[in-house]
Amino acid sequence: MLRFTATRLVRAAITIVMVVTFAFVVLRLSGDPAQIIMGADAPPEAVDAFRTAWGLDEPLWVQYISYFGAIFSGDLGRSMRDGREAIVLVLERIPATLALTVPALVIKLALGIPAGILAALYRNSALDRAVMMFAVAGFTIPSFVLGLLLVLLFAVQLGWLPSGGQESWRHAILPVITLGIGGAAALARFTRSAMLEVLGQPYIRTASAKGVAWRRVVANHALPNAAIPTVTIIGFMFGSLIAGAVVVESVFSWPGVGRLLVTAVANRDLAVVQCILLLVAMTMITANLVVDLLYGVLDPRLRGGARKAEA
Amino acid sequence: MTAPLVSLRDLHVSFDGQPALRGIDLDLARGEALGLVGESGCGKSVTWLAALGLLPGKARVTGSVKLDGQELLGAPPATLERVRGGRVAMIFQDPASSLNPVHRVGTQIMEALALHRGITGAAARAEARRLLDLVGIPDAARRIDAYPHEFSGGQNQRAMIAMALAGDPEMLVADEPTTALDVTIQAQILELLRALRRERNMALVLISHDLGVVADSCERVAVMYAGRIVEEAPVERLFDGPAHPYAQGLLGALPPLDGARRRLSAIPGGVPEPWAMPKGCAFAPRCPARMGACEAEMPSDVPVGPAHRAACLRVAPARMTAMQHA
Amino acid sequence: MPEAPMSEVALGAPPARKRELPPPLVMFGLIWIGLMLVVALAADLISPFAYTALDLRNRLSPPVFMGGDWLHPLGTDELGRDVLSRLIYSIRTSLIIAFGATIVGAVLGTTLGFLAAHFRGIVENAVMALVDFSASIPFLILALAVLAFFGNSMLLFVLLLGLHAWERYARIARGLAISASAQGYAGAVRQLGARPLRVYGRHILPNIASTLIVSMTLAFPEVILLESGLSFLGLGVQPPATSLGNMVGFGREYLTRAPWILLAPAVVIVLTTLSVSLIGDWLRDRLDPTLR
Amino acid sequence: MSALLEARGVSRSYRLRRGILGGSVEVRAVDHVSLTIERGRTLGLVGESGCGKSTTGRLALGLERPDSGEVRFDGTPMPSPNSAEWRRSRARMQMVFQDPLGALDRRLPIGAQVAEPLEIHGLDNARVIPLLESVGLRRDHAARYPHELSGGQRQRAVLARALATDPAFLVCDEPISALDVSIQAQVMNLLTDIQAERGVGMLFISHDLRAVRQVSHRVAVMYLGRIVEEGEPDAVLHRPAHPYSRALVSAIPQPRRAGARFAPRIVLQGDPPNPADRPSGCAFHPRCAFATDICRAVVPELAPRASDGRTVACHRADDDLPAEAWTTPLERVA
């Protein structure tokens, strides 16, 4: 288990380095960072001063090293819009985003997993077809269309709920539903196929052959195995808690990280974009790491360390 | 003759309208070892999966399967669950994937103990350990907590056997139990099955494509071809005087271990596909002794000698006269 | 010398899979996609107006089924531009981008996958590290970052969307090529003395083509959704060019007064992605049951 | 005249990595193997899974390079894999695989695949039909696809492709183990026919001693990467010299006829050890009933033994070893 954990940690670290390198390369490729960060109409002396101050006149590898240093000390630059620290700007927005994504995640899990399991168990039944239709619809209707349709129905036509903004919990209902439905559909589809795969395995037949009742075969033999691949997609959903609502936040004018990102991209506010990119990547890498470790718990084959039987 | 432990009558199975079994009649006495031989797709595994109700839902099964006089086909699930693992246990070809990878080997054995013998807790653990020890797992006390992937192929098959023994069954169906294993490991497993059977007076059905394996461990053999039993005989009789041309062909195709090397008498062609089943004898197209009548109707079983029957139009009369002279 | 003549019972073909029509939903999908392709190809011919043409007297006029007239069957937008004409050109733009990006992704991924499979070692590790990297950032965020750093152009946009799902093709191509070389037909051909180009071009590629095509049909709707999502956010296709997501994004301002501006492209997006996924699922079941 | 194929002291190791951090373990797949294959003759190579017999086959064919030792084909050293010279040399040596369906391209008709080696080596591809007929396929099979043929027919097609360039050497890696019994006999007969007709030298790799006896002129037994015994098939089968060969022969399942007395069956204890963790001295010693201190310490060399000149790698080759010394799990069960 120790070696397994260590291997996963190293892999995560390598990916983090790659993400940071990516940000560095893209930032350098996209033009003169001093010019970009200072703005196009900054006086040349100021740009030069900035360059010296930030070490941009040093050789590239020195810059690369110091870039790492800066990032790991939390210095992610300042927003060119209002000059505040990018990291602070981003952190401020996180609670608002979580207020949408966490309840949505609950909906996804509570709806998607049981639906997928039941569809697999009652394969080709009316229930299965209904779940699959729901899954296909959830996949093919983009969130902005779904969101706008919900607005049209519940806000414009019926007038039950507000169409946007963040004043009360009622404002969160439509965006949470929009996010939850799509994810639940994807999860249902995935759970169903994982379950079908497991139900076709020889050990399921073995369990039946030793007289285990079907309900118990499902609960005790099929579900623990089907959980293993399903954890991946759930992990991805956790990893998307911060950045999974970009489009929906825009649809509902919800002041979260996603909307900040969209505005920053539109304004080419690079420090903010870079900050969000790194933050999201870290979250996702952490989630992947947790998934990997969970694999180790769920799947004894991955724990390693155990030796093959000796003669 | 006492009533058989299991008797199959006119067992038919089809998948999506294509026949897999085309009328199987077979009896098994208590404590008897029966070998079921045939090439892939002949229905030898399907027979027993069907008998225990383990085929997927799309399979259509008709006929009769009686265990001690009790009909199993169409029996309620609760009845079948008591029979499976309790009276009839089954082990499979690929031991590594037949054990659940996320549960410890001991736990999987204890599950069967709880179901069929009502033993739980520490007693179950002790019994599981005893069973693992019995099937020859070294250091059973420690290995009881191992996972299947920590066992070798041979050890996994031993664990499967221990699990099968947990319900103290009257009969064990072993479906190609050694096919995935190496020769020396195969010898170990066959030896173990033989010893266990002797000790417990347990009936054994050994399904195999390998005549040698069956000959080695069984008293009686049934040879299957294209969903039917074409010949059934005591082992020595089959090896000394196979009646059906297919059985003759199979024996002739087996390279000898001693004596002069001879050209093998290979059976030409291949097994007919389920969708292109000949109208008459399924073996007729490959048969060196076929005649017109073979292609017209399906031959029925003809007694060839004591406990020896074959489904062939050609050989029956000749063998019978030979018998009378003998 | 050989054995007695081979069996006269020819194996024959398996019961000829009845040449049945695809199920009705898939038929619908095929017809819809066919229609979309015709519309995209013949946009210049069938479009009643130029998509930028203003008709200031008929601003926000409703479509016929909401009381409008036949001059603008699907109504007009806030500048009096004909929604039908804009829809037709949007379909063209969105399809070009989606096709272009899907092909870019498939070619890139397959090539990298083959390189990894052929050279193994460092090349393979590098490719797999890139795959890991792709999996660690949600693609939408990555795309947004790139657009922020590099600005936007049509070519960049297509290439960028092409990066979506490249790792899927890379994984498939690498995995199948390795297994074909280790035990299977590719290894057999290699030891006949064939050069790599022959092994990959004549044997491996045709063999994995169906798997790749299925993956492409499954990725295609995702690309459409990404394109329309980014355009909806105003970060994809830039005016005066128009795309489906773009129309939804601009139409959103008139959600209460003129919902038709938004509904027409939304319906097209949903039906198109739906059709391609139905076709993709169907193809997968028929061609390659190994994919999930 | 030199032998057709000669391998001298060939070894091949793989590095097995244990994760990114874990060190790598060296697995000796083939350890100091020497073998000779004469023109028109067959050497049978027997052993259990993981004993290195397939790797030996790949080394003999030049598909892999040995870490040490040398393989000579027709007196000249084997060119290094994937070089132009290596590709040219493929015309003279070919391989037959275990799984014929996997070895054929399912998207090309049989005829095109049999023609492929001819195209690669710039030969006349009018030979395709006679080739098919020479392996017992019909002319019209050329237009069929692999999935339209039966298992036996597919293996015939693989053989036709292998024979297309008229090679002098054929490696058959478990060519019958995936086939049904009745088909196995067809393929074995075909192999002997081909050899009689074309004088091909063969390396026949199998775990099945019966099959090896049927087709081979000599047989070598492998255990954990080393050849432990070599000789005439009947000599090895009827009077195996190495304890492992004895166990292997004894494990062949066969009818126990009333009257006939067979030597008591030897049932080996335990599993073959992991190649990554090979025992010291003679690799077989943990499972051997006759192991002594020297067996645990010193690797026995393959050499002719004093009594009858049989080639065997065992410290106790010249001792009289009673079969009763083997214990079986039976005694533990009883």
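Letters A, B, C and D mark the chains in the order given here, with residues in each chain numbered from 1 onward.
In this section, a residue touches a chain if its C-beta (ideal position, glycine included) is under 8 Å from a C-beta of that chain, and two chains touch if they have at least 3 such contacts.
Worth saying up front: this structure is predicted, and the values here are computed from it rather than measured.
Within the contact network of the assembly, the step distance from chain B to chain D comes to 1.
When the C-beta pairs in contact are tallied for A-C and for A-B, the bigger tally goes to A-C. Each chain gets a centre from the mean of its Cα atoms; for chain A and chain B, those two points are 52 Å apart. Chain centres here are Cα averages; for chain A and chain C they lie 23 Å apart.
Residues of chain D in contact with at least two other chains: 150, 153, 186, 189, 270-272.
Counting partners per residue, chain A has 11, 308-309 as the residues that reach two or more other chains.
Among the residues of chain B, those touching two or more other chains are numbered 152, 155, 266, 268-270. Residue ranges of chain D in contact with chain C, taken from their complex: 61, 63, 86-91, 94-95, 97, 99, 102-108, 116-117, 120-121, 134-138, 148-150, 153, 158, 161, 186, 189-190, 193, 197.
Only residues 129, 132-133, 135-138, 140-142, 144-151, 221, 225, 228-229, 232-235, 245, 248-249, 252, 255-256, 259, 262, 266, 269-270, 273-274, 277-278, 281, 292 of chain C touch chain A when the two sit together in their complex.
On the side of chain A, the complex with chain B involves touching residues 201-203, 205-214, 220-221, 224-225, 228, 298-301, 306-309.
Residues 52, 54, 77-78, 81-86, 89-90, 92, 94, 97-103, 111-112, 115-116, 143, 146-147, 149-152, 155, 160, 163-164, 166-167 of chain B touch chain A in their complex. In the complex of the two chains, the chain C residues touching chain D come out as 1-3, 6, 11, 13, 183-185, 187-189, 191-195, 198, 203, 206-207.
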